[in-house]
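Below: a set of structures, written as structure tokens.
After this come two complexes, each holding chain A, first together with chain B and then together with chain C.
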Partner chain A sequence: MDRREILEELKRVLEPYTENKELLRNINEQTDLVKDLKINSSNLVDVIIDAEAKYNIEIDFDSSEKMISVGSCIDVISDKINK
Partner chain B sequence: MYRYILDLLPYKSSFRFVEEIAYVDADGVVGHYTLQPDSFFYADHFPGNPVTPGAILTEIMAQIGLVVLGIFLITEGKAPANDAAAAAAKPTSPTAAIFPLLSSANVEFFKMALPGQRLTVTSKKEYFRFDKLKCRVEMHDAAGERVAKGTFAGFLKKL
Partner chain C sequence: MNRRVVVTGLGVVSPNGLGVPAFLEAIRNGVSGIRYVPHYEALKFNCQVAGIPQFEWDILKNYVSEVTYHGLQGQAIAYGLMAAVDAWKDAGHAVAGEEALWDAGCVFGSSVAGVETVKRIFNRVDAGEARKLGSRVVEQFMNSGITAYISGKLGLGNRIVANSAACATGTQAILMGYEYIQQGQAKRMLVGSSEHVDQYIFGAFDSMRILSRKFNSMPEKASRPMSATAGGFVPGSGSGALVLEDLEYALQRNATIYAELLGGACNSGGQRSGGSMTAPAAPGVIRCISDALINAGVKSTDLDLISGHLTATAADTLEIQNWCLALDRNGCNFPLINSLKSMIGHSLSAAGSIEAVGAVLQIKHQFVHPNINLEDPNGEILKLIDLDRMPVERVDTPINTVAKANFGFGDVNACLIFSKYNQHG
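Moving on, here comes the complex of A and B:
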């Protein structure tokens, strides 16, 4: 799966936690989950748990700490699924 | 048996809403609280007609359903080896050992709860990961009727 495909799927993972769906449509790798998408930082745990289920991967604490922007989420996810 | 959990609760006097822990394991907790007729909120909510505020019922559910279970989980069910943590949680100490932060509460109320009633709170863990504890919590009165139910989540930090 390439980065663009992961990004498209990531939109569906982020959707329940993003109030402004318009913002979600135009995300790119630089988009910050909390600052730009206004996701409640306490829900980042849920984003990670949902991503684990979607990609059938396990995200450890160190990787979770990196998942700040759309790009860094894609880094972690692609790293795990290509293992 | 669960005495050490009560000792680690950071809430004191008028804002402590845990009376008894009936059961707790890694998946959930059952606990009790009896609504005290002399609680500070009844005089004004409402004058001559004391009814427990929904915010207080929510707090009772959070303290038993999330914080008691959270303390059990972070202490792995064992009283801390030294009693420094318990000592720090005593009201004389300026700092509590456990610092809970509620991050969400989605609650529905089914019936009123009146002063003097003994409430039972039952909580089932959905997950505990990256310091976040999420639970499904129900509250029943002494007659076994459901007072409230909800989904709660919060973070528990050891200071």
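Moving on, here comes the complex of A and C:
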């Protein structure tokens, strides 16, 4: 799965956690989950749990702390699914 | 300065009506909200009927953001949110903008926190999957979950209290809100309670053999307060909410005033003198009612109507006896008395707030709702009060002053005195 495909799928993972659907449609690797998408920081845990279920991976604490922007999320996910 | 407190907004989620207009129509016409629950037969419960609000989960989308909606599962929170937000809007109050509403607080209770949420936790943790629980379960099992959702939605910035006093919870919440306003601590208080009796809570009560079991094939007949065939209560779920307001504040903004809350009292029989974990001590109940009248500044002869606790158990007769003694009124001299539980069952903590909404509506619309299923009044009760004091049809009559009381496990009592609003006090 390439980064572009992961980004498209990530939109669906993030969808329940942001009110800003317009911005979500146009996210890029630089988009910040909390600052731009206004996702409540406590909901980042839920994003991680949903991503784990979607890709059948396990995201450890250290990796999850890196998931701040769309780009860093893709880094972590692609790293795990290609393992 | 003696502050007066008035009711300016109402909201309700009841087994016989969702929202105030539907609920008013139902209680005017004696419509039952008790239904047969096939699943309870499968679970081998003695009681297989319940009062369950016809609450479509999608309704919540009108009350919370899409993000909050996703992951919200607590039924009691949902009921409480709907009733509370409806009441707030009914009062004409705005939702806070960027700044919290510092003069507005909330007392909203429940008797158990979200059991269905707790069950999810048990299942996940026991399976070694605690990490999959996510961020939304703590806020839904904490006892203050309902107040947290309500105050967050509306932006309430004064005292936020989640109270719990078993079946006296709702009545107690209303009294606490009244006291805050009287003390000058808040101008407006959103008060009430919410309960979801799920199968686990239901099963625990069923095991106590205090639930109705002989009317499973006739659900609408199952809740029979004051009747000779009253054989236990029917559990119900729902929520009632009232906006209480400092009279001056309400007048300044030309609010619609439903009724005045003149006062009330809350106490315990101390589980002495015949009182126990499950039975109210007569001296405590009598004192609670007397203190409520004193606090409200009304004479017992002023009471037009009693909205009783009256759950349809053996305690009904004792309750009537306590009212007779507390008021020094009996026979044909007794006030009219009714039990909303005949229509909706007993929704534990939510009973007090739903019944208080009912009491206020009866004052506002000048009627006494019928006691349904009272074809066979209890002979012991008829020795205390006349038959026509327990109307089985709606009575359209002037209603100025109403006492609303509830009594709960742990021997706790609460009584409120509502009256028609009169500008001269």
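In this section, the second predicted complex is superposed on the first by the 83 of 83 C-alpha atoms of A that agree within 3 Å, B and C clash if a C-alpha of one lies under 4 Å from a C-alpha of the other, contacts with A are read in each partner's own complex, and residues count from 1 in each chain.
Please note the rule applied: contacts are C-beta pairs under 8 Å (C-beta built on N, C-alpha and C of every residue); 3 or more make two chains touch, one makes a residue touch a chain.
Just so you know, these numbers come straight off a predicted model, no measurement behind them.
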item: First (chain B), second (chain C), both or neither touched by A:S42; value: both
item: Contacts of A:E19 with chain B and chain C, given as first, second, both or neither; value: second
item: Chain B versus chain C as contact partner of A:V34, first or second or both or neither; value: neither
item: Partner chain(s) touched by A:M1 [first = chain B, second = chain C, both, neither]; value: neither
item: Touching partner for A:I81 - first (chain B), second (chain C), both, neither; value: neither
item: Partner chain in contact with A:S64 - chain B first, chain C second, else both or neither; value: first
item: Touching both chain C and chain B, counted on chain A across the two superposed complexes; value: 40, 42-43, 45, 49
item: Touching residues on chain A, where the partner in the complex is chain C; value: 16-19, 40, 42-43, 45-46, 49, 52
item: Residues of chain B defined as touching chain A within the complex; value: 103-104, 127, 129-130, 132, 153, 155
item: Complex contact set, residues of chain C against chain A; value: 65-67, 70-71, 131-132, 134-136
item: Contact set on chain A toward chain B in their complex; value: 40, 42-43, 45, 48-49, 61, 64
